[in-house]
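Contents: one structure, followed by commentary.
Per-chain residue numbering starts at 1, and chain names A, B, C, D, E and F are given in the order in which the chains are listed.
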Amino acid sequence: MPEEMNPFKIAQSQVDTVAEMLGLDAGLTEFLKNPQRELHVSFPVKMDDGTLKVFKGYRVQHNMARGPTKGGIRFHWDTDIDEVRALSMWMTWKCAVVGIPYGGAKGGVTCNPKEMSQNELEKLTRRFASEISIIMGPDTDIPAPDVYTTPQTMAWIMDTYSMNHGYTVPGVITGKPIPIGGSLGRNEATARGCVITIREACKKIGLELKGATVAVQGYGNAGSIAAYLIHDMGAKVVAVSDSQGGVLNWDGIDPHEAIKFKAETGTVVGFAGTETITNAELLELDVDILIPAALENVITSENAPRIKAKISGEAAN
Amino acid sequence: MPEEMNPFKIAQSQVDTVAEMLGLDAGLTEFLKNPQRELHVSFPVKMDDGTLKVFKGYRVQHNMARGPTKGGIRFHWDTDIDEVRALSMWMTWKCAVVGIPYGGAKGGVTCNPKEMSQNELEKLTRRFASEISIIMGPDTDIPAPDVYTTPQTMAWIMDTYSMNHGYTVPGVITGKPIPIGGSLGRNEATARGCVITIREACKKIGLELKGATVAVQGYGNAGSIAAYLIHDMGAKVVAVSDSQGGVLNWDGIDPHEAIKFKAETGTVVGFAGTETITNAELLELDVDILIPAALENVITSENAPRIKAKISGEAAN
Amino acid sequence: MPEEMNPFKIAQSQVDTVAEMLGLDAGLTEFLKNPQRELHVSFPVKMDDGTLKVFKGYRVQHNMARGPTKGGIRFHWDTDIDEVRALSMWMTWKCAVVGIPYGGAKGGVTCNPKEMSQNELEKLTRRFASEISIIMGPDTDIPAPDVYTTPQTMAWIMDTYSMNHGYTVPGVITGKPIPIGGSLGRNEATARGCVITIREACKKIGLELKGATVAVQGYGNAGSIAAYLIHDMGAKVVAVSDSQGGVLNWDGIDPHEAIKFKAETGTVVGFAGTETITNAELLELDVDILIPAALENVITSENAPRIKAKISGEAAN
Amino acid sequence: MPEEMNPFKIAQSQVDTVAEMLGLDAGLTEFLKNPQRELHVSFPVKMDDGTLKVFKGYRVQHNMARGPTKGGIRFHWDTDIDEVRALSMWMTWKCAVVGIPYGGAKGGVTCNPKEMSQNELEKLTRRFASEISIIMGPDTDIPAPDVYTTPQTMAWIMDTYSMNHGYTVPGVITGKPIPIGGSLGRNEATARGCVITIREACKKIGLELKGATVAVQGYGNAGSIAAYLIHDMGAKVVAVSDSQGGVLNWDGIDPHEAIKFKAETGTVVGFAGTETITNAELLELDVDILIPAALENVITSENAPRIKAKISGEAAN
Amino acid sequence: MPEEMNPFKIAQSQVDTVAEMLGLDAGLTEFLKNPQRELHVSFPVKMDDGTLKVFKGYRVQHNMARGPTKGGIRFHWDTDIDEVRALSMWMTWKCAVVGIPYGGAKGGVTCNPKEMSQNELEKLTRRFASEISIIMGPDTDIPAPDVYTTPQTMAWIMDTYSMNHGYTVPGVITGKPIPIGGSLGRNEATARGCVITIREACKKIGLELKGATVAVQGYGNAGSIAAYLIHDMGAKVVAVSDSQGGVLNWDGIDPHEAIKFKAETGTVVGFAGTETITNAELLELDVDILIPAALENVITSENAPRIKAKISGEAAN
Amino acid sequence: MPEEMNPFKIAQSQVDTVAEMLGLDAGLTEFLKNPQRELHVSFPVKMDDGTLKVFKGYRVQHNMARGPTKGGIRFHWDTDIDEVRALSMWMTWKCAVVGIPYGGAKGGVTCNPKEMSQNELEKLTRRFASEISIIMGPDTDIPAPDVYTTPQTMAWIMDTYSMNHGYTVPGVITGKPIPIGGSLGRNEATARGCVITIREACKKIGLELKGATVAVQGYGNAGSIAAYLIHDMGAKVVAVSDSQGGVLNWDGIDPHEAIKFKAETGTVVGFAGTETITNAELLELDVDILIPAALENVITSENAPRIKAKISGEAAN
């Protein structure tokens, strides 16, 4: 990975930019540019074939000044410490800008969950949870699901932590399954946050949300839910896309129907009444609102000038 | 630093070599090649000039299978995580080969103690101690002095830890000053271990220690004490050196006198009754016993064939 | 006690019945049929006459998957481990069906509180509280009053636990006296829960609660309060009873007046304007709503066909 | 200090008076007259000139029956143990009369904050916080600012406690700066409480607050805020004062303007449109409402008969 | 099992017998007859075939007055609570009579280790260890191996406990493998204790151990080691046996050779130079010393009169 | 009490004297002159007559720099905070001069144990133990018996502390009864220390202990044991005394017989073969060794010049 794409370097340079704007003290800036605490662990897991495999995991607490730290745990083959550092720092800013009393943290295990059995994933999760439990807790640091970790993963973490403590500690993680204390609405939360932000932005610039045209790039959890939430608020979704391409209908697409269609066919491409477009074309449609909800870095200095949407509400991480 | 000089890579390749000899399981070897737990911290210290400076520190616990981990803390401008990792691993092996029930650990702070005031060093030490106290304790992980840390440093650590716990915890560190529970003999311990090893090696190869000729390279804490201990056992120290050069007297040098001489003049060079030699010459003298007690890596594939000593007892780290 | 009356066997067979309906996995069913954790203690109490008496007590935590466990502590001469096991299991179901994040627990001491002095009861309570405090706590397991234990008993438990911890921990028990943090409304809570359930059931079957006729069997804490609460909602209480018999007035009985009458005379029998009936007759009156609030097992396969009430709202345990 | 001015003796005699009214048990009265727990500490601080100075501090928990204890920490040259005892007892009564689930505590350090640098104050505060942290905590005892301690002092205490515990514990103190979790409105809270009490007292005695005349003695934090709050409710503030004297205007004084005036000139004396009066005269003005907000003990048996205000709402501690 | 064979009833009646001899207070006797604390747990284990199986386990702490409790954990299909209660009580007496500062405890899991895989046994052990860890610890209660539990079992317990605590806690169990801190000599300890007792008894009755004749019933761990230890002290072992029968040679049997013979053939029967006898005959041989080291209850009121040995040193549990 | 007799003032002035000799830093001197930590508690005890009585108790930890603090707990009607402060300071010096790794502490409860029943004493002790348990523990602060507290008192403290922690903690106190872990020899320890000091002093001044004449003032635990210990070493005890007077026999007194005599008659006066003397005369006898073992302050500037003994070995506190 080239230096300029290293997420931690990017995150640090963002701090530099802002610190200069704010006239922040150099020492304080340096402090904010580095995580306060990182725990790196190496731990063995007995795989289904009987061999012992050693995994590396991280839990980074970027800043805990405002309260317990908060942030997801991801399982991914490319996860490395710099990615986790960057994400933990961004969690600090996210919590701070919305004024909730949490600091930022992030965790990750370098592994390929796609090639592991449920049994192996459970063992890896439980062992990793034990390893980081020395800095985790309801008043300390509270993980959540992230890339390739699910409510089931959170349940394993909660159970491991609880068993170690001798009683159930539901507050040690968020994103757990609803029957053991998870929150209603969490599934829609990312998309809802995005759409509410758009709604407020509309008010600010005097755009009538009712009837406004919307293009949504990406039709996974974030994109498809954002699509139907903004549709249900009265906006007109005219284009959606997924990794196989996009579809356009200036008369409007019913996002609920599109979800069903994609569930059956595996893609939104081919949805009734639409014409096919590329993901690149979708970004540059002449719509009121653009919701990029697929990969990061889709808007670049190259295509930015051609984007026509008045509001771009990002749902991609 | 070239890859082949990275101490962690060296330490890992040592494990590979031994694991192959022992026919160790691949998974277990991988486990032993990586520290179980690393804590990385960034913390601010208010310097004497009022500015805030951010320091990076580490505490690495390589393996805790055999008991609480044990290992020094160093303050050095070149200390980095890979050095600390390697040193923690070597502590595991050291404890295991002599059969004491401890695992291996090491800690370090990247800083320049030579350019810091006592006040700044105290602040840095106390803050670092607070930061790592979450994984430190008499039953958990017990630091000790190392490069540029002293009994005073240990006293600060012990006091910080004790104040945080509300009562005095002498067992949290070793190497503390004697009045607050330090061990007698610790000052001579490194040299004494080296000399005892030489004494046992003499028995093994049938060399009479009494009267055996000895050359000692380096005349700091390790070298000068090793010199007088082996002298007091009856051996004849014929050459000693320091960074300014060496001195030779085939009739024997009194190490106690040499210590006084160096205390006054700053070097052993010029000690009464000796001729001056180079450090390189000293290594190749025709003595029975050679004690390298200066820098590491002084014996190389180049000069090794020319070394004539029957026993080389290393006191350098 | 015959096997079929063993409450734990009954509770276990209830699980079997339901598990079959739900098609639950056999292993999971077995898990739910047994308490996760039981603490049995034997402890001495110095009685007022100076002798040492040894008591057996239990705290059973049936299932803690949904959160801290919750359940009363009873002092009774017949309390045994199987009773406590059954009650702890029922607490799990009670908490789960109303969706509060608690698991089920129960405790008991085999003793005869009727024959013990206040001093002896205090000592027994405090010692038992100390013994079970290793598994008790606001985040762990929270007792409450039950048979022959009172708010005073809870205050002793809270004080013992608090003194052991060095600070006041009001959350360790519920049902404490109001001045030290007890909840308003707790006294009426059982009856109110029963009456609210009846109110909702009325809505479901289209019965107008206002003016509906009600018979209440039992006029202790549960029955008398249920009577006046439903009266205050507009229903017409036509019959009430206690262990000495029942009274009937088709024009309605004022439950508040009946409470005063019973407080003076010791029974509701003889209350002005009523005719006397038996407890058995009361159950079979042609009323809209029947509230059995005396002993358990009053409605049997024998008399069930003759019960005419449209709604039976049970307030007996 | 004469015995009769010893605040602890005063506080104890108040209990005696009330206990006699209530017919309290003698043992219980004795218990309430003495703090349950006092921690006295002596601790050294390295001053800016390099000398070591030893300070005495106290934390007194008068009564913890109703929950965790609550009370400020003061830094003052005259603070002694009897003052702290009295203040801790008054905190118990204050919490109890308004029905919040806290007991009473108070702390103090005998020192002269006016003669200490920020650096010295920070060191003193952090060391004192460490010393008392064995009995302090969100569930145990929660300090707050008091005489010569500020939100900054609380932030140091919170940071020290948090660093010792390894994670941020915002609940360990109140009165912290808003960015790290302090409460909005705290600055005005004392004055607002006073004014709300006056408002309710007005209702009770049938005095119309709108248009009522008000005299305020003292124009610091408590007095000046009380003045503008009651002004904003419609009352007419006719006299205010500070240590340099008072001002009177029967047509009313705008307290907001008076604050600005005092900020510029250092006193209210000379405020436009007013005549100058003494503090003693102010107390005896023929106003509806008097707010003594300066020192304690200004109303004595001597001047009490001459006070004409219908309501005296005390804002002085 | 008939009441008279219930081990707990037997243990309790033993206390009654002794209490009467000692004239113990009735309350104290009752206290000693019952375990102070019992933890009963039910816990699920996922078996190799994917099914969930629920196991019942116990940890009983009979008496902790003299220090932390100590006692083995057994895995056996017949283990029930009364057996564990009896064994815990016997541990109290054993520790007390030899004056070591421990109380008595015992644990057990009802399971059939013979039918379980290593994987299943590890899972069961780790889960059981987690369940009882709330009352286990180096200062609290320290398990050891017992029937069907081994040093490997102890290593799993130690690892589980250590992982839950975040650092290695070797003191939580005894009987662990030597590389992780086990004690040298533990394997021989039971037999050595038996033989030392015999040696002391010989001194007491004036029997010369050198040359004394010895019969050993049972040739497992206890019997075979007792045989060679007493042989090495100079006694003449003339008869040994196992479940398949016994062998006799009045000229003496070399126990070391007998061990090798049994290792090859599976029995001592047929050992060179011996004649075959029955286990019953062995007990009644005209030897100086008899060591019953097989099952319990082999010496009964029936055969006792026919036993000719001057000393019977029991090595069977 | 006049200021000059206040033990804390005396202790502080002793520090001043020594500090001046040592040239100690003023700040450090001030630190050493004040206890680091004092816990003052007020607690109620229900007396046998049903009334509630409130007691004041103290635990003072003078200095913990060298390790856990150590010191007795006294129950006395005259015990006040200044006495406890002084005694805690002296404990620091005592531990330091003999080089054991403990700091100094002391505790006391102001009460009259002579007028309290065993039941009341047990309640007082247990409650006081609970109150101070927040700063007490085997690694923290370890009480011991002192004036009017006994091994039984220590057993109550140990049991209370242990019950609060859920397991037996023998290390929390010393001076406990031997069956629960007390040390053999403790009863004689004070006297033995005194006599050993005398023995060493004899060597120093060249006095032959064998045959040396000894006078012992006081015949309680310290005096009578010192008498027989020095007698058993060969010295000749010629005079002993108690509160009723002294006895003298220049041919020697058998201290063992004198103990029996006093046990029967209540005094040593009248012991066979002795003449009666006063306590004042005893001090001035022409003996080699004088052992004052009664009250403190018996040797004054007034009688000091008349004392003829070559060695005065003090056993009084």
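Throughout what follows, a residue touches a chain if its C-beta (ideal position, glycine included) is under 8 Å from a C-beta of that chain, and two chains touch if they have at least 3 such contacts.
Everything quoted here is computed from the prediction, not taken from an experiment.
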| item | value |
| --- | --- |
| Homomeric contact chain E-chain F: same or different residue positions, threshold half | different |
| Distance-maximising chain from chain C - centres being C-alpha averages | B |
| For chain B paired with chain C, centre-to-centre distance based on mean C-alpha positions, whole Å | 69 |
| Whole-Å gap between the CA centroids of chain B and chain E | 48 |
| Chain B and chain D, separation of their C-alpha mean positions in angstrom | 58 |
| Touching two or more other chains - residues of chain F | 134-135, 166 |
| Chain contact topology (line, ring, star, complete or other) | other |
| Interchain pairs in contact, sorted by label | A-B, A-C, A-D, A-E, B-D, B-E, B-F, C-D, C-E, C-F, D-F, E-F |
| Interface residues, chain A side, partner chain E - complex | 130, 133-134, 163-164, 166 |
| Interface residues, chain F side, partner chain E - complex | 162, 166-170, 179-181 |
| Residue ranges of chain B touching chain E (in the complex, touch as defined) | 64-68, 101, 103, 135, 137, 139-141 |
| For the chain A and chain B complex, residues of the former touching the latter | 25-28, 30-31, 34-44, 51-54, 56, 131, 134-135 |
